[in-house]
Every structure is written in structure tokens, then in C-alpha cells.
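Following this line, the structures themselves.
Each of the next two complexes has chain A plus one other chain: chain B in the first, chain C in the second.
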Partner chain A sequence: MSVASRISVTERSGLVSRPAAARKRKLTGWAYAAPTALFVLIFFVTPILLVGRMSVSDWGLFAGNRGLNAPENFTDVAEYRLFWPAVWFTVKYTLVTTVILLGLALLLALIVQESSRWTGFLRTSFLVPSALGLASASLLFYALYSPQSSPFGFLGVSFLGTPTAALWSTVALIVWRFAGFYMLLLLVGLQGISADVYEAARLDGAGRWQTFRYVTLPLLRSSIALCTILCVTGSMLAFDQFYLLTKGGPDNSTLTIVQLIYNFAFFGGNDLGRAAALSIMLLAALLIANVLQFRGLRGKEG
Partner chain B sequence: MRRILVWTALAALMAGPLVACSSEGGQGEAQAPTGAGVDGVDDGSELTLWTRAPLELQAKALVDAYNKSHKNQVKLTIVPNDDYVAKVGAAAGSGDLPDLFAADIVYVPNWTEAGLFSDLTESIAKLPYADKINQGHLTAGTHEGKKYVLPFVLDLSVIFWNKALYKEAGLDPEKGPTTLDEFKQQALAVQNLKKADTYGTYFGGNCGGCNVFTWFPMVWASGEDVMDPEGKKSLLNGSASQKVYSTWRDLQTAGAIAPGSKDETGATWVAAFQEGKIGVMPYPATLLPTASKTVDVGVTGIPGVSGGQSTFVGGDGIGISKDAEKTQQAWNFMAWLMSEKAQVDVLAAGNSTVARTDLADNQYSAKDPRVATINKVAGLPTSKTPVAVNFQQAFNAPGSPWVTLLRNQVYGDASTLEKDNEAVTQVLGQ
Partner chain C sequence: MIRTPQKVLTGGLALLFLFPLLWASVASVSPQAGSAQIDGWGLGNYRTLANYQAGIGQYLLNSTAVSLMTVAFTLFVSLLGGYAFAQFRFPGRDLLFLVTLAILMVPYATLLIPLYVLLNQLGLQDSLLGLALVLTMFQLPFATFMMRISFESVPKDLSESAQVDGCGTLRTLLYVLVPAVKPGLITVGLFAFLAAWNDFITPLVLISDSAKMPLPLAVANMRQQVMGIVDYGATEAGVVVLALPCVVLFLALQRHYVRGFMSGALKG
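Moving on, here comes the complex of A and B:
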């Protein structure tokens, strides 16, 4: 797109008169775009096409492609006894995580925004968990939660024993792991707001809450939107933390959609066709969610 | 990120079978393993062997001993337990399976049906001690009358008890439970010591595989079965099964099961006993050397409702893969594996169970009567390896209907047994 618009601009300005030069420019443009296009083709378009083909095929893990199996793959997935519980749980988990994580990250960002003696220390300590891989963090929390190694054993609480406890224990892990990261994103947004605006607000006699509500929040909208999109996408694709902490238990209460994909493919199902069908369904859901978020964002800005 | 990983992984798997289609013609070139006689060929070839991490100890010992005494050299690859099925699946699709690979014996029926192994019927028949090889593993590795798999490492379930705790509780430290009721009473006796951090028993309350391994033998020892012979119908609503469930439910109600068992997914289900915190529980026999380091362990077979003994003949079977080219060399390893040298000098010496009934009494089992007990239980007719094509999905997978069944029976609404059992049957019959 950028190539086309650049050419039209140059043509309109009359800098290029001969068609040969225009063609050369066009070629140069394509050459610039080619590496990215190639990457997108190899690492995005091709896999999606392959998964698309898989999703309409009867494709066993060991047996390979055994011919067309659509729409059975999709209907089988939708009728699978754990499908709706997994969808419902993933949505619930996404809502809970996004609300808590973004609220907390905004609070943290506001705390460390102004420089004080402790700012450096606070920023570092909030950000340190982000340096840990999610799998390592999950393992760490597994040790914290397991009755056999937990230092909180004396509380007599079962952290992963009931559906509610398992959900909140996992949310605690995710908040601990990601709050610093989203804080950083929001901090960048906060620091992008000009001091003049705040000064103007103060001169107009705005209180703390009014400044936050009518100055900070609106000007932070694009940062918040970015965080929401990242957080919603990440939560809808949750896997590592549940795979390590609960394996979907107790009683299948913490089974997410990606775990279900994994189970279809490798853990008992041995059926890549159905796993691919569910992947496609999840991809569609993600696309819709992201389009809605972008649209909502643009609408507000307009 | 996760999405990209999943896509690329799926894409890699997708691309695999496409390659495999084109190379399928080459498969006929490998020679039949029987062509080179009983012992196969030892000509200095390099062979590859895959196994999963829980068998690392035995696999390493076996491969080292083989490499030292043979011209052929086996290169061992150890794969993490949870990744093994995925790795084998990907390799099977792309025609990249190693020459030899081991498989959890309960998955073997599924994998032989998928054609991952080479036919070894004739080779196995030529072994002079063919009829002495563990029948459970051989049966699991037989598909449509053809034999594909030999036992690699046996993993049996037996009852372990803590002799020191038994003495404290006023029980005979040399006598383990012989019926399910005795098991319950002895666990309760240890619980009644009311010692801090010490409990009657333990089990993997959120782990399908653990309780397949430890509860099925209780049913078999009672003379009943858990599935029909075809492995298509669940019989886990029988009277012996119900007695097993009520035994554990009673123990749970009495508070005699260590906390943590309810959300135990299997990662740490053996730990508490090793730490000396548990009185009596069904346990993997392969861990006797490890547990003996910290606990004075007593060993007996798993009892049934009113006597009898049984064990789950688990562990891994090994076969020559469909993609192997050096099948005669690979058979050389397999034949050696069944020999007295491998079974006694390597496996028995390392306190593992031998896979041949005629070697059950050997110099090492003579030293430790507990090992002799384990070997003897393995040879009982009540000791079995269950065979079902959809075993993993029905029992071992997280969220399997079997996990739902057992959790309802121990913790939840026990009246759902018929419905839960029907759900297991449904998955088995798919």
C-alpha cells in the first residue's frame, strides 16, 4: 500500500516523466517489501493454509491424512463434552485477568510515574517477574501451591484443590508475572502526556480525580487499548500456566481452549484434524475480538 | 507467541506426512529381521533408540552394557514424558522414527494399530525362551495375530509400607495387608498415631494413570475385570470396583489420606512416602531402591477384596520402527535384551524386575526377598496389562472420563457410577 501511495505522490508532483523510471521505482518498492512478504508467506500464510487443509481432513497423529472429513471435524469438536466448558472457562479467565491486570498495572504506573527516592527500586521490583519465562514462573508457583513444598502449608488452604481456588491461584500467578510488563507500557504512555496539559488543568482548578478522569485517561486511551488487545489475546491463548499448574483440573474446571487443542492432538485424542478445526475456530474468534476492539477504539477517538 | 508456536508446530507436523508420502516406496528395502537368524547382525552399525524419561536409569544401563559388548553401537535419546507421544507422532508422520523405540505398554495397542512397528512374529518365535517372556507385554504388542513388541522395562505396582510407622502403630512390621479391609485398617492405625505430618495413605486424586496402575490390580486380585477382552467396554462398575472405591472413600472421610492428594496430578504422588510421612500405599516397584534410601520398606502384592494378589504389569515395550533400515542389527539388540546377560546382569542387578519368568529367581532376588516377592507377583495369572486401543483417552489423559469417575467415587457424588462408567465405555468404543 505504501509503495502505491508513494508512486502516486511522485507522479502527481511531476518528478517522474518517463514510464521506465516509474517501473524501476515500482520494482525497487517491491524489492523493499519482498523480505517481509516472504516471511509472512512462509511463516504465516503457509501454516494457516496447511492448518486449514488439516481442519477439513481426517488426519490422525500417527496415520496421516486419510481424506476429507468436513464438516465432521468441526461438528465433532463443538459436540465434544468438554468444548463448551472450555470456551466458557477461557472467556471467564480472560475477563477476570484483563480487568485485574490492567487496573493494577495502571495503579502501579501512576505510583512510579513521579520520581521519588523509591521510584527506581519500585520500578525494578515490579518489572523483575517479567524477566522470568512463563513456564519457569508457573513451576515456581507450583512449588508455592503444592501441599508438599508450600511454605503456606500452615494456612491449611488448598490452592489448586477446588475450581475457584485453582482459577484465582492461576490469576495470581499471571498478575504477578505480567503486571510489571503492562505497567511499563502504560508508563510510556503516561510520560508521553505533555506537562502543559496538566498545568492547564491545574490552572482551571481541576482536582486530582478530575485530572485523572478527564485528562490522563483520555490521553492514555491508545496505550490502554494496546494493553487490552495484548492481554485479551494472551488470555484467550492461555496454555503454559494451566498445563503446569492444573492440567485442566480439578474436574476439568480449568481447561482452556488451547489445552483442548493440545489434548485433541497429542494427549489422548491423537487427532490432528480436530485439533486443527478447533485452532481455526479459535483464530476466527480472536480475529473477531481484535476487530471489535480496534473498531471500538477508533469510534471513541473519532 | 503461543499462537505462533502452535501454528508452527502444527505446520511442521503437516509438512511431515507430505514428505512421507514420497518416500514410502523406500520402505521395502529394509531386510526382514528374521533373515539373519536368531541373534541378528552385529556388524558395527549405529542404531538409534528413543525412550521416555522415567525409564532413563534402566535404559542407560542397558545401552551401556550392550555398547560395551557389541560392535553395534546404540545411540540413546531420552525424551521428557509428556512430550513423548507428540515427538513420536511427528516422527512417524515424516518417516523419521529411530531404529528402535520404546512405548508405554498401555499405548502400544494404539501404536501397533497405527503401524509404527515392524512385524517381529517370526523372530520372536525363534527365541528359545519365547514362552517365558512376560505374557502381558507380549499380548499388548500383538495386533491381528502378529507380534510387534518385546518388554523393555517392567514397571509393576505393589503395596509398600513403612515398617517403622507400623511398629509404632502396634502393627506387625513384617506383614502387609492381604485384603482391602486390612489395607484400610492398617492405614487407619497409622493415622491414629496422630503424628504431625504423618498420614495413613496417599494416592493421585487427580491423576488417571496413577489409579489405573494401583486400583486395577485390586479389581483383578478379586477375580473381576476392568474391561471386556476387546477393550471396548468398561466394567468399572462391578462389585469389586465398588469395594475399591468405598475403601478409598472411607479413608478420605476418616482423614487418613494426606492432604494434597485431591489435587495430585501425578507429578509428586510418590514423594510423601519417600519422606517417611505415609504408612501404607500402592507404589511403583521400580522405586524400591530409591524409597529404601530413606524408609524401611515392606513389600507385598496388591490385595483384592477378600485375598488374592495382583499387579499392573506396566512399563515400556520396545519394537523396531517402521522406518528402521538396519532391522537385522536392531534385532540383535532386541535378542540380547531378552538374554540372561541383559535380564539378570543388568536389570536384576539394578533392582529392576526381569521380563522372563524362568529368571525370576536369580542371585539378586535371593539377596533381597522383597525383589523375589515382586518377581513372583509379576508371574501370577491375575497380573495383567490391560489392552485397549483408546486407553490413553479413556484413562490417562487429563480430564479423562476415568478421572471424573474416580473423583466422584472418592470425593463427590458416588451415585453417578453407572453414568460415569458409561462415559468410559463410550470413549473406549470410539
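Moving on, here comes the complex of A and C:
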């Protein structure tokens, strides 16, 4: 059937002149891509250009555009007293979260690697939290950590009361919410490793640890790279969890960059220009971080 | 395969992951000081939630409307877009695809600041439609990528023989290809629904009218209602209402959820 159909397609297209048919096909392609193009143009490209413009303008939340003022927004943001603490906290949070989350996710992936009914139950248990929204999960942990309703009340610990406790309590929430998700990504990588490689390692007399260190880890590199990039990106943009759990407290100790952007724009600052300037700095930092990670991860492979 | 001590250990780990969900469900109906469920078990906290401001019915309706619109827009745009990117060659194709993927690289916060201004100019401020359009844009990288892969994995013969039978490209798409890419559509729809239902920062920035807030925002605001005093019981009830549809949907479509990642990650 397929041979016959191919012949007849050729015959049919012979009826129409070639350039006309090709042009029609191009137009048809564009027509199907048009909704995507419209969305991308209106809701992505335009805002990007607009945020650039806003970052060099005196732009109030209620007052609107009051003219250019470059580079005032950028210098004001950099001199703001909470700017460097927020940058430092975001970096610290990103490092802590990435290391713990990826370590645990790898452990979980190794545990549920073989599939049976029992591992099916385990996989589902680890994955269920990732169905929840980050905001829902944050509200859940907010109640879980509160002195009034916490089931851990008997411990007498203040989960969000000190800067250190607030950081680790938030990391615990994030690990709970995302470990299963990264486990799944790593599991995909683990299942891409063929049984032959393990067989060969076994024949060479490699033990469990050696197999993991010299076979599994190197072959899992691209999956780990993907997880690292996702995790670093997500952590650099942390907002929901801190907005809902700590509001940046205690004492502005858990203020992240995105929360600072939100505060500049909507929470007291009412200054969209400064918020735009900080947004652009964040975008630049994110791009640099990603380029560095790509380089680093590729460099190791070569 | 797995020995008993290991089973106990891993089982304990699984319970640790399930614990917060189980705790919230139980705590939302158990007696608790400072909540509407002071003594005995019951649905007092859910009643508080139901009567909060515009009423939980309104917030559920808002969330449902936004989620369904987002799913519909995302499916529509990515179905046509995926078809175009996979099966047609046209000038600017690769550039458009790259720009669509680039949405992933730009933080929500960076886009939401100008979108707040832009939606005002478009007359879409404070509207659920505007919110759904923005949420759709955030879904496009994953959805377009997923649908392109889905269309590329359909054998070329299928669409060619449909065209021989006299189908135009649109009829080929609707009657021949849509059934073939259905798993992709389910994955894209599920992700769009979960993302729209759960999103917090987008409505936080774009919606200020309290009658138009989606549920996560309403529950978060309810918590901050009274200075210093938080009704944890009602918060727990809110979390249950928020989480329940997601967990049910996840358990029902788990296979698609997992497969979506498998194909995405393997081919990506």
C-alpha cells in the first residue's frame, strides 16, 4: 500500500507546477505555525522588549512612564541595602538545594531502578508530591511547621524562627516536593544504560561501589547535567516557597532576588523601573550560569 | 529481589514522602484550637473555607475556568504548531521554534513585570482570560516540543496515503493524525492543567480583584486575613481542596505523566 501511495503522490504533484506547489506548502506551514507565532510575539517578544525599555525609565506602578533615567534604576538597585544579602542568600540556597536534592534523587532512582509491584508503590509515593503545586506544598508545610498545629510540636523546635532554621525548613519542603521529579529524570537515564555494560563490569570483577562509580555515574552524566541545570535555574528563581513560608524573614534573612523584584514592583516599592532593572540583571545572571554549566559539563566529557 | 531490612527502610522512606499529605487530610478534620473544629471531628474547617469572602465556589470556578482555558489554548496552539514544525518546511521555521523554546530561559519574574503593563494596555488587566493567555505562553516551550516529537514519530506513509485519498492538510490532521498523536496531547493537556491550577506568582501579579482570584491565591490570602492569628485548620482544608484534583489526576494519568518525561528526555 505504501509503495502504491508514494507513486500516486508523485503523480498527483506532477499535475501542479512544482514552484506553485512548493509555495502553497510553505504558506500552509506558516498558517499552522501562525498561532504559535502570534503568542510568542505578543506575550514573549513584546514583554522582553518592554522590560528593557522599562529598566531605563522612571516607571511608577500607578504613575506609568515618566521618561528615561538610565542608568539610575540599575545603580539604585545595586546600592539598595538588601540587594547583596538577597544575592548571597539566593546563591547559598541554590547550592544547598541542588546538592541535597540531586543526591537524594539519585539515591531514590537507584532504589526504584528495577520495576516490580513493590517498586511501583515506591515510585508512586516519591512522585505524588510533584503533582502538588509549589504554593499548595508551601501552605501545607506552613501548617506543618506552625507551633499551633505542628505534629512535631513536642520537639519544641521553631521551624521558621531563626535564619538557619528557616533556610533548612524551606530546603526540606523543596526536597519533599521535587525529589520524585528528579528521580524520574534520573531513572530515564538509568534505564538507558544497557545491561551488557553491567555484565561486562561484573565479568571484570567490579564490586557494587566500583560499578556505580565507574559505570553508572559516567553513563548517567547527561541526565545529571539536565537535572543540575533545571535545579539551579529553579532555585535561582525561588519565590513561592519563601513568599508563603517566611515572607523573606526572619529579619530579611531569606529574601531572594525574585522576592526583591516583587517588593520593588508591588509590595511597597511601587517602582516598576527598578523591578525591571533587577529582572534584567537576574536574566543575565541566569544566562551566565547556564552557559557556565554547559561548558563545565561538556568540558568534563571531552 | 529486595530483602526484608531493605524493604523496611525503603517503606519508611515512602511513608516519609506520603506523611505530609496524610497529615494534612487528617488534620483538616481533626479537633484543633483556634480553628472552626475545636472539639470532635468534622467539616468545620471546610465550612470556614466555603464561606471565605467571595466563597470557595467562586474561587474553584475561577481556577477551573483558567485551567480549562489554558488547556484548550495550549492544545490548540501546540497541535497546529507541532504539525507545522514537524511536517512543513517554511522560511523562519527554525527561528520561530528556537524563540519558542527560549521562553524556558527567561524567568517568570522578568516577563511578569512588563506583562502587567502590557495586559493593562490590551484591556486584559484583572481578567481570567488574560491570565489564561499568559499561562498558555509559559506552557508553549514544553507543549510545542512535545507535539513536534509526537508528529515526527508518526510514519510519513500515514499522512501521505490520506492525501492520496483526497484529504487536505487540515482533514489529514483532524482525522488521521490527531488519533496518532493522542498520547502527546494527553501529556500536554495534563501538564497545562496542573501548571495552570497550581500557578501562584502569575495571578499574584496579574490579578488584584479578590473576586477573580484563583484558589491558591485565595487560600494564601485567607491565611493572612487576621493580623497575627492564622486559622491553620482552614489552611489545611484549603490545601486538601487544592491538592485533591491534582493527586487524583496524577494517579489516573500516571502512565502518561511518566511516559511524557521518558520520550521528552530520551529524544531531547
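For the reader, a short list of remarks on this structure follows.
By our rule, the second predicted complex is superposed on the first by the 256 of 302 C-alpha atoms of A that agree within 3 Å, B and C clash if a C-alpha of one lies under 4 Å from a C-alpha of the other, contacts with A are read in each partner's own complex, and residues count from 1 in each chain.
Note that a contact is a pair of C-beta atoms (placed from the backbone, for glycine too) under 8 Å apart; a residue touches a chain by one contact, two chains touch by 3 or more.
Every value quoted in this text rests on a predicted model; they were computed, and no experiment measured them.
Legend: residue contacts after superposition of the two complexes on their common chain; A:Leu122 is shown touching chain C, with no touch to chain B. Of the two partner chains placed by the overlay, neither chain B nor chain C lies in contact with A:Leu203. Contacts of A:Leu155 after superposition on the shared chain: neither chain B nor chain C is touched.
Once chain A of one complex is fitted onto chain A of the other, the partner contacts of A:Leu237 extend to both chain B and chain C.
When the shared chain is aligned, chain B and chain C each come close enough to touch A:Leu272. With both structures placed on the common chain, the touch criterion links A:Thr46 to chain B and to chain C. Of the two partners chain B and chain C, more residues of chain A are touched by C. By the touch criterion stated above, A:Gly60 is placed in contact with chain B alone, chain C being left untouched. Contact with chain C, but none with chain B, is seen for A:Arg25 once the two complexes are overlaid on the shared chain. Once chain A of one complex is fitted onto chain A of the other, the partner contacts of A:Ile261 extend to both chain B and chain C.
Comparing the two interfaces of chain A, the one with chain B and the one with chain C have residues 43-44, 46-48, 50-51, 54, 142, 146, 148, 237, 239-240, 258, 261, 265-266, 272, 275-276, 279, 283, 286 in common. Contact residues on chain A toward chain B in their complex (touch as defined above): 43-44, 46-48, 50-51, 53-54, 59-65, 81-82, 142, 146-148, 156, 158, 160-161, 166, 233-234, 237-240, 246-252, 255, 258, 261, 263, 265-270, 272, 275-276, 279, 283, 286. For chain B in complex with chain A, the residues that touch the partner chain are 2-4, 6-8, 10-11, 13-15, 17, 20-21, 85-86, 88-89, 92-93, 110-111, 114-116, 206, 258-260, 262-263, 265, 267-268, 271-272, 390, 392-393, 396-400, 403-404, 407, 423. Residues 1-2, 7, 10-11, 13-15, 17-18, 20-21, 23-24, 27, 32-34, 76-78, 80-81, 83-85, 87-93, 96, 99-100, 102-103, 105-111, 113-118, 133-134, 136-137, 140, 144, 157, 160-161, 163-164, 169, 194, 197-201, 204-205, 216, 219-220, 223, 230, 232-233, 235-236, 238-239, 242-243, 246-247, 249-251, 254, 257-258, 261-262, 265-266 of chain C touch chain A in their complex.
Considering their complex, residues 1-2, 5-6, 8-9, 12, 25-37, 39-40, 43-48, 50-51, 54, 108, 111, 114, 116, 118, 121-122, 124-129, 131-136, 139-144, 146, 148-149, 151, 176, 179-180, 184-185, 188-189, 192, 223, 226, 236-237, 239-240, 243-244, 258, 261-262, 265-266, 272, 275-276, 279-280, 282-283, 286-287, 290 of chain A touch chain C.
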